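Scrolling down, you'll hit the structures one after another.
Look for subunit A in each of the two complexes below; its partner is subunit B in the first and subunit C in the second.
Right, the complex of A and B next:
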């Protein structure tokens, strides 16, 4: 039991179990297979984007632009499709645009060393602006049948988006835990100067992480467009950056970098999804979802901090 | 008979496991400049922290103008008349000089909480003028002022509390040579005004120029207080270092070869000028100098953190080292002076920390080879005697000594030819110190070439085969093995122009 409590994800696991129990009691509809599938399905975009955001936050950074990247990518895909480009090629091109956006962020943050919050605040407006501009202010809709597969198709008995998400999550959990890249990200976030002295290229690693985040957002946006069936450039993915950052923090990530896991974040996304769904299904007004989410962020962070303090007890030296 | 403005009696201070000060008494008279000297770790800063309200003493009393006082915190001490000016200034560079002097002071606030700007400027200018800083415009933001002016602002701030006692910690360290004179003028004015000044400094020359009295501390105890005319440079150094270097150090066998592994020719950058030396195989080469002498800069240059002119040769071949990864590729390793900021990665475990510089070698197609990492971390935990239940322990939980061993270990794992150690035992307890010394010794025996940079003289003397002394960015002396003692070393490092032979 004690060992279980020391698992990094322990608080979020307990938390998730707790709300699940709570909502199962409040509403008999909650614990239905259909509903659980719905929760997963509704949050696919979040899951995928949150992988990237976890890496960014582990580096000690943040990315406010993911929502706008999603908008510009999804809008472009819509445009490509409307010009009759094959769905697979349109998707691939869209993903490339996501990567390109990541390169822009990465260049200014890693190479030019401009603070991430400034760069991504700027690109948040720029990418959104481009999305609105190229869309001409109209909805992208009427996607061809072949494209819908990305959002609504089935593969091996589960939905295609979920399939992709699971694969991506598995890959990145592996990358972060078992490869050099992961270790570099953790060491840069844990102590930048020490990582640099150890001969790690901070610039290259940071750049890579932003590019990977762009790639992930690109994939997410194809799924998003195909699933929703229509894209409005001015609203698609608005608020996404904050929601995803919240999930990372709820999942045990530290805003100062170096601490957190992909698995924790995924649980964080799931947790937020459950809360949203549960509040609606148990007939609490949906208008209270935001307030509840905010409250839960604070609660989660207090609990994470308490866990850290508890672990730090019995250690010599100062805490402050 | 004058009365002392300050009388500290029987001051002792204990930290868990360490007695930093034992039974120290210290008296200060109005209008005197009293130098406080001692080696690193002698207790100077602890005593000054007690006097300025940062620490409270375990035992002993402080009397100010005859009244017994206790200071709850630095502000409390300031209000009662004791101010300290730290080596690093504590100024808000974005605010004006006047605001800095009177920051958050109720006497500058008028009705309805309105700040009385004109009163503040006038008062500030008056204070600054009184110590000869008439050329400073107190309406200017501090970031536009030079270092000397900033120091004047610090002093004015202290005086604004009606300071009876002013502690100056290494006041000349931040100043360029030509501004030291100006600082002395300020100190002389203060002395004339009857302020008692504690002048903490390593620099002999300055002490003889400015101080009236000198008190020497060693190992947490007071050695003596004397008038400046009663002492000489030699007698002061003798008081500071005491005698023997203990059995902390392993006996060096002169085993190193003659083959030069690293050669540095005419290295110049920042404040370092035309430094040349060579490091031989299996040698421990000590590099000693007072803070600011350039030892740290040389280490940074050799590890590719800074660029400069001059030639670096490894085993006869000229090399370019412009980044830590290039240095690593040339088999140079660097244990930096600040373990917390530059050494350990706190959220990570021992094994993760140990494997960081070796990631490319410990992985295949970017996937980490956990079995080899386990093997490696076991080996180095054993070799360096890192005390922890297992290698998955977070380094944050280790003692200073064990953390330092992790930092050394991660570089040994990279299998270097040249190891640069900077302050390898800073903040480490005596037991771990001895262990680290034995490890360093062992490594040299195995053929590793070590460049040892340290501000602890006994360490440099006890470990090094040769010692190079730096003064203001230039090598001023070389001691062969067994030739140096602390007195000579300190003299060479602090005042190279006088001859060392007549001790």
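Right, the complex of A and C next:
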């Protein structure tokens, strides 16, 4: 616990508390149990996607395509459902499509060694186009009752999506901390050449991480579709990548790779959720929400750089 | 795909291969559509390529210096809307234009300050600017389009001189100018140097911070310029203008042979890349392909261009 507070999560916890206090002063509706539950529920998609993004950023990479993968998956799940496929099977097939998208990213980034930013920029547009293509540009609605369980059902007293998210977060915190795969991700992000010399297959680990990200986005998009109840391929998940990336950076992840934790990212997502919810609940114009998100991204990178400077203070030479 | 790409003789003279690709595209579309190879259509293409082309100039320089600017589309919209709002408040149209340009310059300066002075990651900073400026655009004009500019202003985007669009002439002049700068001045040597080895440039006593700062300022200024030409061409300043333009710009630059890791590239290559992109888009438009499918094709082209280079570079 002491170590947790000591290094990375301290600034974000502080920020979250500050912002929470600010909004509770601005609006009496903010500090209600209902509202807090709403914040958690609204950001389930982001929580799940952020797990994958944390791993990608830990590698020193970046995935701009998550929003489009979400659109592709959600649309195809909608299509499966409209053809009368059983909800569980449709969900499973949707998750498989997410994995497939992750494999496409992974192939180009890890195997063909094209810079991640270019690959995911390209796939961001490619997947979005495919999503619109298969949906025919219409809204996907009228999901069957059985499917809505994924987004609105209750399990053991808490909502089903939250349940899934908590399980996933727990699994991945364990994976990243105590398993070989997790430590490999950290070592590649920390020092790629050294990791390679130590006998770690950089290609395979990178590929795995992108596939896992695809898997997580797949799960998130099933929940997203079931919760929202209607999916429009051209707008679903647009801007998601930027927001999730901001959350990771705010949560103490370093854009240079090798630094960051899942727990910190989750706090980052929570922080972003609180800011967005607070802005709306204190009746600021909704147009400001986007501007605030962008500002938070820049704030995150500022904090990130400051941290890096602080860490490197003792070392010889300049930062590049 | 790899077998096919590896056979392309890209390691030889890049420019010839690009010209060939352009030629293939033009021939292909002239077979597919009877309207493609008409003077009206070609002038139309020239008229439409100006925004992407103007932004591609500083983008090429920035990518050569080893960075990237993703915020150009939002800067474009921001300055267009700033100009529109200034005009609506009753200012003279040319003063409004200057205000728009200054707004773009300011955005570029913020980018430059954070990236050059404080050495923050260019991609993240510009993504932040992308989201923030797009939000600010909606804040400024509440999402409604601004129109009703005076006729004198439309001269920039809609008039023809000797059968050639004014803005296309302007673009070519800018390209020639920039090409001269990138070939003959010290500034260009520094830019290429930063892309190849930043350390060495700094140890040579050259201010890397200043060069990078200038590059991002240029990017902001040219994006603003593109925004103003766009407003002049479409006769309305909209909050959504310039969305996704960075895909076109970056694809044009990378197809044009600029290396994604910096240090190599040329503006003449970018110009050919630009022609490839605009003729491709125009041809697809004539065939009635939806904009989102066009994005799919452009995305694939982008992957191909970069993957190919990588393949040959090793």
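For this structure, a couple of remarks:
The criterion applied here is as follows: the second predicted complex is superposed on the first by the 291 of 320 C-alpha atoms of A that agree within 3 Å, B and C clash if a C-alpha of one lies under 4 Å from a C-alpha of the other, contacts with A are read in each partner's own complex, and residues count from 1 in each chain.
Just so we're on the same page, a contact is a pair of C-beta atoms (placed from the backbone, for glycine too) under 8 Å apart; a residue touches a chain by one contact, two chains touch by 3 or more.
Predicted model, so just to flag it, every value in this text is computed and none were measured.
Once the two structures are superposed, subunit B and subunit C can be ranked by residues of subunit A touched, with C on top. Judged by the touch definition given at the top, the superposed model places A:119 against subunit C, while subunit B stays out of reach.
Of the two partner chains, neither subunit B nor subunit C is touched by A:152. When the shared chain is aligned, subunit C comes close enough to touch A:297, but subunit B does not.
When the two structures are aligned on the shared chain, A:282 is found in touch with neither subunit B nor subunit C. Of the two partner chains, subunit B is the only one touched by A:184; subunit C is not. After overlaying the two complexes on the shared chain, residue contacts for A:249 are found with subunit C alone; subunit B is out of touch.
Looking at the shared chain after the overlay, A:193 reaches subunit B, while subunit C stays out of its contact range. Residues 62, 108, 112-115, 117-119, 121-126, 128-130, 132-133, 234, 239, 242, 245-246, 249, 255-256, 285, 287-295, 297-298, 300-302, 304-305, 319-320 of subunit A touch subunit C in their complex. Across the complex, subunit A meets subunit B through its residues 178-181, 183-184, 186-187, 190-191, 193-201, 254, 258-259, 312, 315-317.
Those residues of subunit C whose C-beta lies close enough to touch subunit A in the complex are 68, 114, 118-121, 123-125, 127-136, 138-139, 142-143, 198-199, 244, 247, 250, 254, 260-261, 290, 292-296, 298-300, 302-303, 306-307, 310-311. Across the interface of their complex, subunit A is touched by residues 303, 305, 323-325, 327-328, 334, 336, 341-348, 352, 355-357, 359-360, 363, 366-368, 370, 396-397, 399-400, 410 of subunit B.
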